[in-house]
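Chains: A, B, C, D, E and F, in written order; residue numbering restarts at 1 for each.
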Amino acid sequence: MELLVASAIGTLTAGGVYLLLRLRTFPVILGLALLSYAVNVFLFASGRLAIDMSPILSKYGDASYTDPLPQALVLTAIVISFGMTAVLVMIGLGAFLEAESDRIDIDPSEDREDKTKDGDA
Amino acid sequence: MIEAAVIFAAICYGIALLLDLWRIAVGPDAADRILALDTMVINVIGLLVIYGIGRGTAIYFEAAMLVAMVGFVSTVAYCRFLLRGDIIE
Amino acid sequence: MHWIILPVILPAMLAPIIGFVMRHDISLARITSIAGTASLVAIAAGLTMLASNGDTHVYRLGSWPAPFGIVLVLDRLSAMMVLLTSLLALVVLVHAVVTGWDSRGRHFHALFQFQLMGICGAFLTGDVFNLFVFFEVLLIASYGLMIHAGGRERMQAGLQYVVMNLAGSTLFLFALGTLYASTGTLNIADLAAKMPTIPADEAALVRVAAILLMIVFAVKAALFPVQFWLPATYANAPAPVAALFAIMTKVGAYAIIRVHTLAFGPGTPGTEGLVASWLFPAAIVTIAVGAFGVLGARRLMPLIAFSIVGSMGTLLVAVAAFSPTAMTAALYYMLHSTFAAACLFLMADLVVSRRSGDGLSTQPATMQNGLFAALFFAAAIAMAGMPPLSGFLGKLLILDSLRDPGTMTLAWTAILVGSLLTIVGFARAGSVLFWKSTVVPAAEDVSEEMETTELVVPPATFMEIAPTMAIVAVLIGLSAFAGPVTGYLEQTSSQLFDKAGYISAVLEPAGED
Amino acid sequence: MPFIAELLIAILLIISGVFGFVGSYGLIKLKDPMQRLHAPTKATTLGIGGVLIASMIYFVAKTGHISVHELIITLFLFLTAPITANFIAKAYMARNLKRTDLPGSGTNYGWSVYSDPPERESSN
Amino acid sequence: MSDSGHFLFLIALLPFIGALVPGLMIRAGRTACAVFTAVPTALALILLMTLAPSVMRGEVVQAQVEWLPQLGLSASFFLDGLGLLFATMILGVGLLITLYARFYLSGDDPMGQFYTYLLLFQGAMLGIVISGNILLLLIFWELTSLSSFLLIGYWKHLPEGRQGARMALAVTGAGGLAMIGGMLILGDIVGSYELVDILAAGDQIKASEWYLPALILILLGAFTKSAQFPFHFWLPHAMAAPTPVSAYLHSATMVKAGIFLMARMWPVLSGTDAWFYIVATTGLVTMVLGAVIALFKDDLKALLAFSTVSHLGLLTMLLGFGTQAAAVAAVFHIINHLTFKAALFMTAGIVDHETHTRDIKRLGGLRHLMPVTFVVGTITALSMAGIPLFNGFLSKEMMLEEASHTKWLGSYYVIPVFATIGALLSVAYSYRFIVHVFLGPVRDDYPHHPHDPPAGMWLAPALLSVLVIVIGVMPFVAEALVTVAANAVTGADLHPHLKIWHGVTPALYMSVFAIIGGAVLLVLHAPMARIWNASPRPEAKVLFDWFVNSVAGASRWISEQSHNGAISRYLAIFVVTSVVVGASAFVGSGLSAPTRGLLSVPPVIAIGWFMLVVATISVVVMHHNRFRALVLIGVIGLTISAGFVYLSAPDLALTQISVETVTIMLLLLALHFLPKTTPKESPMGLKIRDGVIAVLAGAGVGGLAYAFMLRDIDTISDYHIANSYEGGGGTNVVNVILVDFRGYDTYGEIIVLGIAGLIIYAVMHALLDGPASRRLRNIDYSQDRSRDRHPLMMVVVTRVLMPLAAMVGLYIFLRGHNEPGGGFVAGLVIAIALLMQYMASGFAWTQARQRIEYHFMIGTGVIIAGLTGAGAWLFGRPFLTSSYTYIHLPPIEEFEIATAMLFDLGVFLTVLGAVMLMLYSLSRIARYAGETVNLEPMDYDPAKPATGEKEDN
Amino acid sequence: MLRRLIPHPLLSLTLILFWLALVNTLTLGHLILGVLFGIGIPMITAPYWPDRPIIRAPLKVAEYFLIVLWDIVVANVQVAMIILFRRNEDIRTQWIPVPLDLKSAEAITVLAGTITMTPGTVSATLAADGSCVLVHCLHTDDPDAVRDEIKSRYESRLKEIFQ
């Protein structure tokens, strides 16, 4: 099981990184989404894996529970990542509408208003 | 007996998931993919309930219920995107 | 002692009121925002006084004992950082209000207050995961401020800024996961207590966590090779926002100082020296990157942004020594460079808003050319580390503290040559902006262009210049009162290196809250 | 747990497993997208129904209390499955079929995918 | 501290205080401005004179105030003979320059600025010479660089001025920075930066292994400032400054700073071979080279500038000799050079001012037109030439005397020969200054007809020329000052006698040879100049410009190539750095032995894993089709949610699945405006590179996870499990952590969401108010869309489903504390329920029936959460301290009330408000882009038949 | 007044039952809570459901429900057989327009839903004026029979229920 989880994290990370390095905004958003999955599972796995040991306290005496803390951390991370994704999507949309292109790289030649060589310098 | 049936049913749904995955990957039409995803959602609900039976706990019920609810919403959203572009026009 | 949490709660309560209740009334929002920030200054000053006796005050949120709940830790360092933040914020806010920047888009004041909340929270927390949360708060607020008022370049640069930081946040979580998996705790004091028990030959995981955390902080601190995002971001951000961002890089530096000194620094067999071995060379290159950028800049805003990169390199060279003396110097330089960077951006705003763009090209001289030139001169010598402003003393302190023969030559060379290139770069820029431009007549041939670009900006009023002047005054003050300031910083630094004191203050079940 | 309950549960699980499989199998086997739409909407729904009934019986047998919350999932599925199918069908039609590929509606108005609704007084 | 100490502070401060005045006084008129500049200078000079007697007695006036004791920097002042000499020169000449400039500058020049800069410079210069702490000296040193930059660039409109200023700043600034290094080393060797301590530690310094680096670094500072070869080139270009500036900076002050420094450090640094060969040789070369160039300069100020270079070389050489006699000669020549050079610059300025040219070739015959100027110029030029009875002769004689017996690399000839050549050239260019400017016939082609200027202008040089003669004839008047200064330099107790006649010495021969040879050279000047001008030689400015431009160009290239806006590359570097640095940290240590076995893998889980991997790879492969990628993301989200269920994390599953849905909605909404496909534009090489990076990152992260999953560790969460029910009042430990143990995290987290809502709203407005709105207007919606916007069936089902979903949301909210669920999921579920309604009947129609504003909802949520946390203050407990109780109201069974639930309500409201505000903003954009708004909940309700039947089919 | 308080009584009832099913226990406290929600939620969501469909024959509803349930089971077996055992080329798919007499949106929706859930048919789309439903039949040799069965078996019953 651990191997599967680890390899799944690895695959998600690899896929996420690959898309993160693309040249358009949308695949980058997808890449960050994949990375977000990867990191959530990774963080979750830092509490080690357990089956049928949900951290819901049992009314019937002693039971063993999985580590609840990483789950709480992942929840926080998920929420934050959601907010971030939403902002990213909106800004990506804004950049697309402003620039009429969804290329994520900025072409530096566009904002060099001063192309003439300054003789004084 | 229940155990064996649980395993059988789980494997059936597991194979079903693989078949859905195939359809999602292959398409050819976007509608096929949405259909396959929707089927996948329903199969996962089945698996969750089966898992609950297998483990003897109802703790996963909410997950199954939520999957049923949001699965519908996302399917509609995907379709509306194809149909109208703007899903909440 | 609920005062400790006020720097977080006050802006966190004001922001929603401003953003969600007063969103249609800019004057009310302005008054509230400025009053809130001024109160924050007062609170921060009070906290600084409180911390100045050397006690480490711990605020146990939810009354849970550390390390199980989250604690806020107020010591000299965190108090000072909060004070620095609030002072900077007040000046920047006044500038934003009097120049009207705040009304060029929506929700400036709410985002500004949230930004303050995030920064103060990051400085005060004693928990690494909570540090992540407040990093995210300050980052997301900064995204909003960064693209405030919109526009093509700003949106594009803002997008890059967001993407880069999301990647950084992802790495943060990977690091935290590894950290928790290898130590079982998230509290910095608890980490500091546990780290010495991890044998040097079984520390692979925690080493990865430590170094990944450093990279995360390095992204914020604009350390090479993860500094690439900064110039475009700062150059395209609204000027007051860029000025406020002067503190953002320091958040990264602060995190390195706090976490990597306490938890992974001296006295931990597994990680000792690990971070420094990467931080030092990276900081050296960062200085070079900044210097090259300043010297090669075509536009004013990137020039300033690159000078910030260089200053971060200088700061982190000192941090990398992880010695109390060098840390004292680093802290002094941190105070200085925050104000210097803000000063440059505020000054640049006054100038750029009266020119067509921030290109380092000759244009008709603005009205008040002499005044702006003087302000530029002051800000530039501050940033380049020339006397009489505090940069020179900061630089001297850093150079003087780096006496380790292994690193001294390289560090000195980098800092001094970097200064030279920066000076030359600023001189070239200032010469074009303020001297050469006086040659260009504001005659008819340019008036057409002037009309189309709507550059009819009235002369700067006293209130518009006051914030920049105030920062210059602060820089002069930092220089004049360098002795007392450094005295405080020395104590700050020794408190920082007093690991046992920190651990016992945080972890011992104290009666006080 | 009574044997009869166990048996019932097992049978229900097996049946539903088969239906679940068949639903997805149809998704693969059938050649036409509209045909494929039939498989999951029916087979799978029934499959899930079986599982849910099995679950209800199981918990009644196990705890002695009647468990009805499975019905909620059933209710959701019954309410949503037709809509889902309807939308998927329309998505397919809109993208792949022209109005001439379909029989007429026999009224003054065409199929809603292709034709605007009648104008209302209020909508001008 | 004594009174004299206070005076010293006052002297140091006066110019700086005074500097504030002229800028403000300029409205009072130019003369008032000049007067107010002169006042602080004169005051400082008077104060200095009150200190002079004790200094002349050999005492040292000291004053010290702590400044930065941690560094060893103090505001420490130190006035000895050397300081007194220089301070007098600086203030004295300063006064003369103030007077001169008043008449020299034109009405167009901003005089207030000028005097401010001048006083700043004066203060900086004064600071150098009376600093008692070498770090303080560094500060003043850098201040001279900065203030001279302002003075040289004073005429902003002249490109030469700007360039000259920058060049001076670059060269002297570089030297200053090197000097910082040197001074810090000195301080480290001695353990103090106080001059007193340094001066007392000469042997210790010379014995240190750091002596040579310190020497070189300090000399770099001195040489650049004093324009020693090869750093001499900046000085002539600084001549673009107004002449008063040149006269001040290049006779008495700025360039003498380097000489001062060498003199100051003489007891500490001199006396070694390194000192001798570096300093004396540099001085010699500079002296000769400067003189040669001066001879062929046609620009009067350039001639004087290079002559200054030459004389600075002479001084450097003298100091380099390292003998006490040479030091005396140097001190004496400092005074003499000041007197004649300042006067000469002012003379040149007068000529320029009157004739409007400084080109020697266009001058001549001014003797008749400007008799006063002629007299002053001639006297001082003869002094420069070293003609007897003028003071220049005396010190030059002493120099030649010293040179005549100094051995260089075993040779007795090198230094005497070159010193004589230098003297000869000096004579030649001095003659030329007199002959080619003043003598000869009056011309009729001056650019402007000259006559003597007003007295205010010639008074200052005239005064200096009087000094030239006085000292030249009665050298003993300067003896006391020279003695006390020389003693300060050498640290010895010397009693030199300055006299005109030394007898027939080698120096006399050398002098005579120089004076005659100089005349010969002048005669031969024209043909020699032709040869000189024809011969190729490196032009320092060109080289310097080339160098600076190359460095700047290279800098620009480096920073623009690296910061080229390609975030994909920044990110690649970031990932590679993380992987490489992380891996290196990993291999730097080992791992403990694994303590856990692997959990078994049921087949369905293996299938789930397979689905996840295949879907991930498919997203990567198919990402060009954006919609398809989104469907695949749905698969991944579903799989991970199910995985969380399997791995005992029901809360995570609930959250993941609901966030997932909302995220996909947002992405679909955005994709509506974006291109539907991603072009295939990455070249194969890039794809491979990124693939390799991606695989490395994946392997690293996966490996890391695998490594820690096999190892158990004690964590703090045992406490959470143990205290969740008793302390937090909930059985869902995860939820109790979220709202209680780590409620502060959650507080931050909802604020993130609230901010996200704000930003999206703000961006929406920025887009609608900006140029993007035009683009939005042009989006064409009519094509390719299905005609049913709000299908009847969907609307009907939603009417039932939405209340049910809302109830599910409430259910999940209420049970969160004890069972999986909570405010966040509940908020999302309600949001999804509303979304359902929006999809069914459209945003606008639904929105119109919405009573609560989303902004308000977010604000309320954040404030409720905050107030709940702050409520604990009322009970004297820290923020977020929770409390709960069980309420029993018969016949209802007991139920729990916890403040944590109120906090969770805040979470709920914020989440709901944020999500809805996001949707609202996107919908606003769509409507702006021309989306129409429906007025009815469904396209057509058959129960309410339309009035006008329309043929369509 | 009552109408404003309980705009959709059936919905309220459903919600109360739904709540009890959700909590999966029947206690007084939950009943009270369920009633509160059952009244509260429809009050809040009433604007989204402006009409008030009238259902006349509760018994008919039960009958209809059972018929459909039975048909679903049968339909599934039939469809499963077709999928598993019939060769693709032997499957004869048909589009069948079914004109509707129903006018109520709710009734049309129930009918369309029923069609989808029962033997071999999927309701693909409605006519733009809701007067006809386009049914896709997986396999039939007699489209008219399918249409007639829909009309007689389901539509007629729904007419009684909704009108």
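The rule is short, and it goes like this: a residue touches a chain if its C-beta (ideal position, glycine included) is under 8 Å from a C-beta of that chain, and two chains touch if they have at least 3 such contacts.
Bear in mind the structure is a predicted one, so any value in this text is a computation, not a measurement.
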Path length in steps (a step moves to a chain that is touched) from chain B to chain C: 2
Touch-network distance, chain C to chain D, counted in steps: 2
Chain pair showing more contacts of the two, A-B and A-C: A-C
Centroid comparison with chain A (C-alpha atoms), farthest chain: F
Cα-centroid distance, chain A relative to chain E, in whole angstrom: 35
Rounded Å distance between chain C and chain F, as computed from the means of their C-alpha atoms: 62
Mean-CA-position distance for chain F and chain B (Å): 22
Between chain E and chain D, distance of the C-alpha-averaged centres to the nearest whole Å: 68
Residues of chain F touching at least two other chains: 18, 22-24, 109, 112-113, 125-126, 128-129, 131
Junction residues of chain B, two or more chains touched: 10-11, 13, 15, 17, 30, 34, 58-59, 65, 69, 72, 76, 78, 80, 82-83
Chain C, residues touching no fewer than two other chains: 129, 133, 136, 140, 143-144, 147, 150-152, 160, 163, 167, 174, 177-178, 180-181, 186, 232, 298, 428, 431, 436
Footprint of chain E on chain F - complex, ascending: 11, 14-15, 18-19, 22-23, 27-29, 32, 37, 41-42, 44-45, 47-51, 100, 102-106, 108-109, 112-113, 125-126, 128-131
Of chain A, residues touching chain C in the complex: 20, 25, 28, 32, 35-36, 38-40, 42-43, 45-48, 69-70, 73, 76-77, 80-81, 83-84, 87-88, 91-92, 94-95, 98-99, 104, 106, 111-114, 116, 118, 120-121
Residues of chain B touching chain A in the complex: 55, 57, 59
Contact footprint of chain A on chain C as seen in their complex: 129, 133, 136, 140, 143-144, 147, 150-153, 155-160, 162-163, 166-167, 169-170, 173-174, 176-178, 180-181, 186, 232, 298-299, 357, 359-362, 428, 431-432, 436
Complex interface listing, chain D residues touching chain B: 6-7, 9-11, 13-14, 16-18, 20-21, 23-25, 27-28, 33, 36-37, 39-40, 44-45, 47-48, 51-52, 54-55, 58-59, 62, 67, 69-70, 72-73, 76-77, 80, 83-84, 87-92, 94-96, 113
